[in-house]
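Can you keep this structure in mind? I'll have questions shortly.
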Amino acid sequence: MAIADGSVVLDPGLAEAGNRKIDWAAQHSPVLNALRESLLKPGSLAGRRVGIMVPLEAKTAYLALVLRDAGAEVAVTGTSPAYVQDDVAAGLASRGVTVYAIAGVPADEFEGFYERVLAFRCETLIDDRAELVKLAHTKRADLADGIRGASEETTSGVTRLRAMEREGVLKFPVVAANNARCKHLFDNRYGTGQSTIASILRNTNLLLAGKEVVVVGYGWCGKGIARRAKGVGARVTVVEIDPVKALEAYADGFEARPLDECAGRGDVFITSTGVPDAIGREHFERMKDGVILANAGGLDVEIREATLRELAVDEREARPHVTEFTMRDGRRLHLLAHGNLVNIAAADGHPVEIMDLTFAVQALACRHVLLHHEELEPGVHDFPAELDEEIALLKLASLGMGVGALTPEQAEFRGTWE
Amino acid sequence: MAIADGSVVLDPGLAEAGNRKIDWAAQHSPVLNALRESLLKPGSLAGRRVGIMVPLEAKTAYLALVLRDAGAEVAVTGTSPAYVQDDVAAGLASRGVTVYAIAGVPADEFEGFYERVLAFRCETLIDDRAELVKLAHTKRADLADGIRGASEETTSGVTRLRAMEREGVLKFPVVAANNARCKHLFDNRYGTGQSTIASILRNTNLLLAGKEVVVVGYGWCGKGIARRAKGVGARVTVVEIDPVKALEAYADGFEARPLDECAGRGDVFITSTGVPDAIGREHFERMKDGVILANAGGLDVEIREATLRELAVDEREARPHVTEFTMRDGRRLHLLAHGNLVNIAAADGHPVEIMDLTFAVQALACRHVLLHHEELEPGVHDFPAELDEEIALLKLASLGMGVGALTPEQAEFRGTWE
Amino acid sequence: MAIADGSVVLDPGLAEAGNRKIDWAAQHSPVLNALRESLLKPGSLAGRRVGIMVPLEAKTAYLALVLRDAGAEVAVTGTSPAYVQDDVAAGLASRGVTVYAIAGVPADEFEGFYERVLAFRCETLIDDRAELVKLAHTKRADLADGIRGASEETTSGVTRLRAMEREGVLKFPVVAANNARCKHLFDNRYGTGQSTIASILRNTNLLLAGKEVVVVGYGWCGKGIARRAKGVGARVTVVEIDPVKALEAYADGFEARPLDECAGRGDVFITSTGVPDAIGREHFERMKDGVILANAGGLDVEIREATLRELAVDEREARPHVTEFTMRDGRRLHLLAHGNLVNIAAADGHPVEIMDLTFAVQALACRHVLLHHEELEPGVHDFPAELDEEIALLKLASLGMGVGALTPEQAEFRGTWE
Amino acid sequence: MAIADGSVVLDPGLAEAGNRKIDWAAQHSPVLNALRESLLKPGSLAGRRVGIMVPLEAKTAYLALVLRDAGAEVAVTGTSPAYVQDDVAAGLASRGVTVYAIAGVPADEFEGFYERVLAFRCETLIDDRAELVKLAHTKRADLADGIRGASEETTSGVTRLRAMEREGVLKFPVVAANNARCKHLFDNRYGTGQSTIASILRNTNLLLAGKEVVVVGYGWCGKGIARRAKGVGARVTVVEIDPVKALEAYADGFEARPLDECAGRGDVFITSTGVPDAIGREHFERMKDGVILANAGGLDVEIREATLRELAVDEREARPHVTEFTMRDGRRLHLLAHGNLVNIAAADGHPVEIMDLTFAVQALACRHVLLHHEELEPGVHDFPAELDEEIALLKLASLGMGVGALTPEQAEFRGTWE
């Protein structure tokens, strides 16, 4: 099977397997499918150039195809060597989209893929953790000229972009796609929640009912994880630094404790914090024999494999995606997916329907930048509220559900104070 | 028992019963109790004058006593004749706080109590639905001179105040106490959730397990109600006008439908919308025999008793707080608490611990206005974030729980983008 | 209003209030209402004599009326002075049923009511904890002559009856109504579960979300209580003596601990064990300040008020149905309903729909004994399975729900092993 | 690596991968590990001969090793070509246990493995669906001579055995291991529940939150599945033929409907019924486009693949373990695992900790037969209650949890009726 010009993928022969995954994603993406016939119909993005850097699996591929079918030229890479599925990369390239991605290559080689995407003369970027944007403002500022704007997928990316905005260095507008309600309320909560727990189940074959699960971080992701952990019968303890979130955890039926207090009693630890070393050496030293460690946060060093390696006298693969570290005193700690995102690196990522919402946001954010960049100042911008509502309405319609409406009297009542 | 000078209460002889309720509230209010020894210690508000208008029951009384013990002069009324407990009013007055409140008096007589509170020469107001603020800007602007500011308890009050701010008529600063995280995340969700369902259970003696509960409005209150309804085994359908909230309801495991579609199948209907006639004539006409109707929203006309009365051929009290309306075709519709807030008018209001948080916010908002009004522009102000966190920390400490902390490396990591 | 001949009630003037409650129960009892037109139609029990001794509130009254309308002569009492509602007793008597019951009279006076029921020349008894049966086998064996059989409402009553059967002393057949699936699966679980938690909420006005609730006993009742406690957001610890039930509790997401280990950390303690002193002196001594103690089990000494009284230096009514005992060290322990069943003595008992199922079982058990006693040996008998299924079908039909059916091929498949 | 004499496995070279899985199972089996040092210590079964036929994966292998290490000679096969993991078979054989099992061979070839197990001169059998027992009573009665007894793993097997017992053909005692409380309360509920939902999640990558899941059959397995489906946010409808179970489903918060009524609205259908064609042609014809079909019941024809094939105009593998059947009208129905048990054929089976309980029952049932067969009549026997409790105590001890105890007074109280 032929692949797109200039693409770099592991093995074009994997295309058929990849395409099957992409077709499955397409089949369960009612919102993107509805947009293909309306805001993103063929020709609507004719000739525009888009660069995408998000974890490269089937749903990402379908986003790229939707944009391509709307008329855009699209180049795609993954976010790291851990977050590429080679068969999907091959499948996508076989359909004529330019792909630069090979799983498992060294980090510096992978960074070359980032640069190739920038070099694709993109007008807009769909970015993750603001990595492409950062690159375009630092090392490869030479490639930033034609960039009109970008959109950003993650909480930590938005935090970074706001820091750039504060310092006045951000050169173009970026839509905080992450902050769209149809993104963070669903992706970070139901998406991360289900897929993190499901990945732990499939990779360990252990029972969660009755277990003590320690969730480190109680943002939207942590809330989703805790809820699903409870949903399979676990008891949950939450570790937070924000006292109000800790109190929410308490009122949600969980204990709220510093990690120092609960490191010794958890059976499973899941991080979603956005900070490095969320679980540190002093905590590993106190854990019970047999614990499971999984990261669902943006950084692959929230649980740092190197620290475990330093502490361990032995290391082996206990099951696929499960590394067993044996401590000096004989305790065995099991790290999943080497500390990478457990739902992406050791499973198939978020559920399809969730990414349908997220990527509908991204596709329309991309369109918004391409159509309106002249009206947008450099800086971080909200995703337009009316597009957010449009996405929700399309999704509800696909479910056969719907919303009510205010009567004129009710609408008037809400607008006045007297 | 003697009562405070000028107080107007039904029967001073009820004071003992009321004081017992107040003592119970005091015993379960760890945050206010901690504040009595720190930010609100005796003398801290010496000589300041405060007016309070919130539903007058035991927890409100304890708020008034905390402020009084900090040195303030305090005048208190309820929000309506339906939201006053006469024994608590008597108890509070017996402890030397000025009270103007009698349950069940005509509405215009009750408005006189509002005016008396304004006439108390208050420097700050603790307000509900912005009623006192409105009065001080309209009919009784003559009494507004000494007012330095206010704080506001409810979502709909904040909406009103923002309308006033937009129109440029608001004369003093108002702290949106409702928007404090320690308020709306807890009061509107866990408070309204538990107390609404508990009130329906106690007043109907019916089983909710298996029943179809229709929750109209999926704001913070509606979310709390739906969760607790599910927690007692009900199936829940959500009616919303905001498509993203409707989609959240779907992902939370509920159906999202216009009321037109589900009026005929619900067993119990609960409103929390902030708009009048959230359930209207056309819906009543379609309901099943025996349905329960309860309001948990800010307006007593979200389910309008007058409409039911027009449609009915017969009306009787089926149980205390349950009015049975018999329709022409023989169907019986049961309205709880005449459409007033079912958890306040037909039960003891929010749980004590919730009001401890809410009133800690109010007490500190009140203190903030009194101490800092000169720095605050007229308009709607956020509750200070550091006070919000302080309240959460005090609550966690009372529970023996706590939070973690960032290491210096983690804190630095979060502040930079490079 | 006239009352039935020979009835003993507190005040016939309470009849109207009582009748309103009974009407409410009737309105929400679809199964009994369907039986009135089929198995229990007028005349079907013509001239038979029935004695009832179960907690006397509205649903019990409706059971008596259904039997009476089927043609029976009925005499009714409650189970103890704590489990009688005087208005309902008056209402029932006003409708021509013989009632012997006054709330709050001394225990020995109340026992006189039991004897009067026996003296009513009953052919069958609807009994609770086998108290009437025991009386008819001991002190008042003289009144047992005409008794053809009985049916039994409770788990602990069935245990007693089996002991009598083992010893060969039981003189007539007793249907273990408690063991009917339509009884214990619903009454003991959803009925006790909802009504126990609801009673605690209404009587304390406290928040359960986040609280540590210790459920002592994990039989059907305890399971229901734990589930509903979790449903309002509590964390639950279960105390059991049966290791398999303890393990079920663990797998249900709770901790399983001896009471010795968790007496010091619970916020709320609920017993449902069937044994005296389920919580004992050594546990009271270890409890935190402010705990809530509630009994939902068959014995009023599972939490023995007398023990608390011995330990206390002070005792007062903190709220209606809440007795506060102050220990020597200042800790305050709050006992609800004096240790009586918290859902009956301090609220309106089980939900109506649950008692509709339970009393449909009782009514048909009563009918079964009256029609078939000649075929039944003395001893404990199962409730007929086909009647159990009939009740479930009537209930499902009232809900508009239903069951599937096996095809002939499937039915045949299930019957063979080859 | 050498394998046990006479073993038949696909590829001895897979032993290392299989042994890693077995080690993982061993590590998370605290009950079997405790029994190795007590009731099943080395030598305790010296020289006894045991045949095992249950799905052959890592936990089964560990059961075989525990019995072997207690001194027994053990022969093992799987239940069908779909329920064998070749690497585990190789690993087990490499440790000296006799294995006859190859995945994916034709059914008649696989039956040869059953016969080889019988021919191993077993004294006792650990059986599944009574297949070995049946074989030993019919076609291969010639091999039954030395068999002293058996134990049975499944609900449907016990049903079969009771039919044999009724007909008086059963020649030896069989322990109904399935009916042990430590088996059916956990394996059928928490085991099937978690692993069925987890398998659907991993094989479809779809979101269950908000979806309508139809659970066909509400026995212990169905109850577990429904609970976990709700736990990931699904709405659940239950199909039952037993009206009381249907009513339980209703009270658990689900709808109870005949399949005829809900075939057209479900998104996911899961069977656990024990009867063939639980979902039939007339239901397939009414389903929505895109539905997921999964079987978690004992028969691989509860959802019959052949029926789908007859109805379909096209068939393809949409994802691994997902067969897409396209109907004449374009609707696509997705059958998982060809209708085999979705948690075993398309995932790693029950959670390890669950099988630790189940296989502790089996190991002790096996021991019970070997030690006590002379005292046991031919027929179906209960698993001894004291062994059941012993297993639960060992498990609780491994968790650091425990049970309380009756005081002598309480014990006496429970034994008397007077």
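Each chain carries a letter (A, B, C and D) given by its place in the written order, and its residues are counted from 1.
Following the convention adopted for this analysis, a contact is a pair of C-beta atoms (placed from the backbone, for glycine too) under 8 Å apart; a residue touches a chain by one contact, two chains touch by 3 or more.
Since we're looking at a predicted model, the values are computed, not measured.
Novice: Measuring between mean CA coordinates, which chain is farthest from subunit A?
Specialist: C
Novice: Could you figure out which pair among A-D, A-C or B-C mirrors the B-D interface, over half of its contact pairs being identical by residue number?
Specialist: Same contacts by residue number as B-D, out of A-D, A-C or B-C: A-C.
Novice: Where the CA atoms of subunit A average out and where those of subunit D average out, how many Å apart are those spots?
Specialist: 37
Novice: Hey, how far is the Cα centre of subunit A from the one of subunit C, in Å?
Specialist: 53
Novice: Can you give the whole-Å distance between the Cα centres of subunit C and subunit D?
Specialist: 38
Novice: If I count partner chains per residue in subunit D, which residues reach a count of at least 2?
Specialist: Counting only residues that touch two or more other chains, subunit D contributes 190, 207, 209-210, 230, 233, 250-251, 255, 399.
Novice: Within the complex, which stretch of subunit A touches subunit D?
Specialist: Result: residues 20-21, 23-24, 27-28, 58, 190-191, 194-195, 198, 201-202, 205-210, 228, 230-233, 290, 317-319, 322, 332, 347-349, 351-354, 399 of subunit A touch subunit D.
Novice: Would you mind writing out the residues of subunit D in touch with subunit C in their complex?
Specialist: 130, 134, 138, 159-161, 163-164, 167, 181-182, 185-186, 189-190, 239-244, 246-248, 250-251, 255-261, 274-278, 280, 388-389, 392-393, 395-396, 399, 401-407, 409-410, 413-418
Novice: Which residues of subunit A touch subunit C in the complex?
Specialist: Listed in rising order, the residues of subunit A that touch subunit C are 207, 209-210, 230, 233-235, 250-255.
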